[in-house]
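Shared between the two complexes below is chain A, which has chain B as its partner in the first and chain C in the second.
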Partner chain A sequence: MTLPPRLRREHLAVPVALLFGLGSLAPIVVLAVLSVFRVDDFDLVPAVSARTWIELAGTPIYAVLIGKALLSGAATAVSTALMGYPIALALRRLPPSLKGPALVVLLTPLYTGEVVRIYAWRVTLGAEGLVNSALQALGLTQSPLTFLLFSPFTTGLVLAYNNAPFMILSLWVAAETVEPRLIEAARDLGARPLDAFFRIVFPLTLPGLAAGVFTVFTLAAGEMLTPSLLGGTSGATAMALIENLFGTAFDWPMASALALALLAALFAVAAAGAALVLLSRSARAVLWRAP
Partner chain B sequence: MTRFEALTGVRVRESYLSSDDAQFAALRTGAASDWDIVNPSLNGAWRYVKAGVLKPLDLAKIPTRSQMYPPFASTDKVKGQNGATYAVPYLWGLNPIVYRTDKIQGEASYATLFDPKYKGQLAMRDYALEAIAIAALHVGVPRERVFALNASELAEAKKALVAQKPLLRTYWQTIGDLTNLFATGEVACAFSWRVPYDELKGKMPVAMAKPKVGIMGWCDCFAMPASISDEKAELGYKFINYLLGPDYASQIAEKGNYATSSSIIRDTLSKEKQADIFVDDLSVMDSFLWPIAPDNYAEWLKVWNEVKAS
Partner chain C sequence: MARAVRRSDTITLGTAAAVLYLPLLVLVVFSFNASPLMAFPLTGFSLRWYAALAGNAAFLHGLLTSLLVAQPVGFLAMVVGLAAALALTAPRLPWRIAFLALVLLPFLVPKSVLAIAQAMLLSLIGWDRGAVTLILAQALVAAPFATVLVAAMLLRFDHRLTEAARDLGATPWKSFRFVMLPHLKGALGGAYSVGVILSLADLTIATFLSGRTQPLSLIVASEFRRELRPDINAMQVVVLVLTALVIGTGQLGRLLRRRRLFPVPLTDQAVALRAGFEETSGRPSKAARC
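Here is the complex of A and B:
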């Protein structure tokens, strides 16, 4: 089929791009409008009130929860990157016939539902769970290690586990494009493996790392179920507060303002990070090379 | 329901709702035009009454109402300012403390939930309304006022909750979640619903406690939309009358472990069954506490999140 001459292939992206753009913009506009409304006896009354924004700025707990979301996103991005590189580089060296099965295995955690995984973690890490039973049977501990479950440690571990596939996938794809002869040449010229990694592999996979970091950061920062069901008393999240404000409290304006503030904070951190990575010399070298 | 259908020749069709809020919204916006009977909670009935979405009821048409327990028959929560009654309480239960008798000494009370002796074995529901009310009871706020705290009482409750936090194993989210926590030995005492007790009795030594200082209850009511036709309203009265009668009460006591608001079959039940559905000792009704979100609930949410982030 030939397309009319004026319509180029790139234009095929327009309908989906429009849908995406509107789909992301419309809810933001709705939130912005709601955030200045008033609530009167379970009725949303159109108004222009700065109440929610003043309260948002003047109440530390909102900032604390937003900060916690950013921190959780960043920590998960770092931990998945640290464990992602060795795995991605190993996958790159697999014989082609094993790469398909490896992909399937890599994505296995994503096939099960989140709630199922959460209860599986409880069975594994609980006071009477697999890990504690094994440790006690081996005589390594006398009583159950209670920090394994219902602690910030648990949240960190599970967020890293849940999000690792996204990071590994991005790094793996990037690593596949690294010309093996470059690494061989570096080694021939006397670079130690770590030198070769930091001077060849790392710069060339930087765009992949950036994609992984942003995906994992956003997913982990917005997580609500894992912290609340596995994080114990430390599981408070901005997301859960937003849900409560929309629900029982019926304070839609406050919920909208908090949701927008969280979004803005996530966007600011992600954008700053993206700028930092993509403007670096090595990323420019990869992304702006001639096709 | 089949019994009622056989008696009257009317078919009952049910719609399912996710929450009281959703039902209220449907009535307000007119999305509920094909409903003849609605199901507000006793605590939330006031907003339906205030919004004028319910039909004032002719109580003479509900003769089985005569055997309702006094706290349900006389409650003001279903009445409008004009004195008319808009809803009839029919099904209720209590939110007890559930505890392991092998791990907790004596009968549990709200103080148990704040007792450092049981560090790491306690759980509270992740729900500002109930958690703050329990802390208020614990620090000595009288029952009548725990859902209308002044600023200093709210601060006192918060202090108690902050002190309680390190003693807790976790905050539970859903009742299935809490049942799992009991079953796996993570938790020995929690502010609860009755579900973990029903699921686990016989498997482990569990008991329910109903603190005299105030016990939180829930209660569902029946009501009719204001727009209902006279003809359908007659059927509605018959339906409400049936639900307060002996047939339905026996079935729900047997199958669901719940009591209706009527004493109609109480004396025919075994002592054990009476205890199971909380009607063995009727003095429990003197301690009823119906949770109701205060006007400044957003403030409570803030306090609760400050506790959780402390």
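Here is the complex of A and C:
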């Protein structure tokens, strides 16, 4: 009698993959299928038609909106990286007993609701909000600064705020693996702190930077609520248009095509960016060194 | 031995924390401000906006809905996260990178795109949108976070412990249940909390997949698109406090566990050996549960 093959841990991958496939891969396949359907009198007709893709390629506004999403993702990735490095390095130097609490303090705002954050920024940045009141009380400005709310500035600021924790986390994990003696040696040999950073810490944390950039870029570029609720008239995004085509206009094929194009552009740019970083000599040295 | 914290590091981290908490602080301050206008200077301390909430049926109903939805989301995220993490860290998993990419997909695809695509799929197969679809979709988005949490703990787990238990006669299930699982308790609690927190925080998924179910975030969003009202401040503070409670409980649990787990070095190994020994001697094992 042969025994049935023993179940092992790796067999759990099958049901899990099935679940994730149904939940996230199948909907993306549906997007691809629907993008070639037609709509007749608010009815989806399963007929193959290239209308949406021709329209997508021929109308500049779609390309502009997708470009805008990529740009906002890139800007957020850069600004969070600039903020993230000093914070990650400071976290690395903390005594071990303080690391846990510091991390909880820095990551907690990540857990507050999307609505809470957007609402709180409206109250903070409005004409009579905290920032304007403080500036006027100090005599720095005469009238409220109007660009603070409902402008591209607001969108940029809040996107950076929302995504900074992801960048800080991946930079910090990478910074923890940097051997402190390397930095000490560099300093002992006469490197100034900035030299030590650019020649030791930065190259050694490139994999973490790549992970952070990849994450923040895709998250920020795909965000819809922040630009539409805080960006004012500048808040037109590819995502908002997709929502409109899906909900109000009931043009699901067009919504699907645009969503797919956005996804493809996002992943292509993010993967290219991450690959560029990871293929650099120092990143390869970090990733493929003997364990 | 604690090293002194550098002054520059204190300033960096202090500034970061201040900026992160600034908007939340403003929210809390105005929720206790007497004036219905949200402007400085403040006009005096008042609890009237919180009193108003107690009589607001839409708010209470939304809050209850949100809390009821968040629990199964937490549970599902925990179970799926555990299964995914066990598979991901299994020594002999083929196609590991592809599996990892699949598990991280719900995190990397923009939530709004994913939610719209899921809504289309549901409509094609004729499944009504409602509480169930909302819970499933939120759990799917929380699962990558849960997986990473549990996998991080599994990577640190000393596999000699389960090997020892197996050598001493424990079945694979028993060595998992009584040796490995107790070590994962903290990570599993964290996974559950992450599910609850992400569910409470979510607006995007609810916008597209909640059907007639109205969680609090949807109610608040539709109110504040029109105007800023001080009782919405109070609502948001209630949500903040609830979230803080979830995080606080998790941290407290971790602290207590650490104190119990590591009073003497070698306890883990001793626990495992005792568990294995008791398996072979046929007595019910309680040892590893501590």
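Just so it is clear, the second predicted complex is superposed on the first by the 267 of 291 C-alpha atoms of A that agree within 3 Å, B and C clash if a C-alpha of one lies under 4 Å from a C-alpha of the other, contacts with A are read in each partner's own complex, and residues count from 1 in each chain.
Heads up, the rule we're going with is that a residue touches a chain if its C-beta (ideal position, glycine included) is under 8 Å from a C-beta of that chain, and two chains touch if they have at least 3 such contacts.
As the structure is a computational prediction, the values presented were derived from the model and not from experiment.
Legend: residue contacts after superposition of the two complexes on their common chain; A:E128 is shown touching both chain B and chain C. Once chain A of one complex is fitted onto chain A of the other, the partner contacts of A:T146 are limited to chain B, with no touch recorded for chain C. In the superposition on chain A, contact of A:A271 is made with neither chain B nor chain C.
Ranked by how many residues of chain A each touches, chain B and chain C are led by C. Of the two partner chains placed by the overlay, only chain C lies in contact with A:E10; chain B stays clear of it.
Using the contact criterion defined above for the overlaid structures, shared-chain residue A:A236 touches chain B, although it does not reach chain C.
Applying the stated contact rule after C-alpha superposition, one finds that A:A47 touches neither chain B nor chain C. Once chain A of one complex is fitted onto chain A of the other, the partner contacts of A:V64 are limited to chain B, with no touch recorded for chain C. In the superposition on chain A, A:A221 makes contact with chain C only, not with chain B. In the superposition on chain A, no contact is made by A:L287 with either chain B or chain C. Applying the stated touch rule to the two superposed structures, the overlap between the chain B and chain C interfaces on chain A comprises residues 119, 122-123, 126, 128-129, 229.
By the touch criterion stated above, chain C contacts chain A in their complex at residues 2-3, 5-6, 8-9, 12-13, 16-17, 19-24, 26-27, 30, 37-41, 80, 83-84, 86-94, 99, 102-103, 105-114, 116-121, 124, 136-137, 140, 143, 172, 197-198, 200-204, 217, 220-221, 224-225, 228, 232-233, 236, 239-240, 243-244, 247, 251. Listed in rising order, the residues of chain A touching chain C in the complex are 6, 8-13, 15-17, 19-21, 23-28, 30-31, 34, 83, 86-87, 90-91, 93-95, 97-98, 102, 104-106, 108-109, 111-117, 119-124, 126, 128-130, 133, 137, 161, 164, 215, 218-219, 221-225, 229, 239, 242-243, 246, 252, 255-256, 259, 262-263, 266-267. Against chain B, the residues of chain A that register as touching in their complex are 41-42, 59, 61, 64-65, 68, 119, 122-123, 126-129, 146, 149-150, 228-229, 232-236, 240-241, 244-245, 247-251, 254.
Residue ranges of chain B in contact with chain A, taken from their complex: 19, 21, 24, 47, 50-51, 120, 126, 128-129, 165-166, 168-171, 173, 177, 180, 184-186, 293, 297-298, 301-302, 305-306, 308-309.
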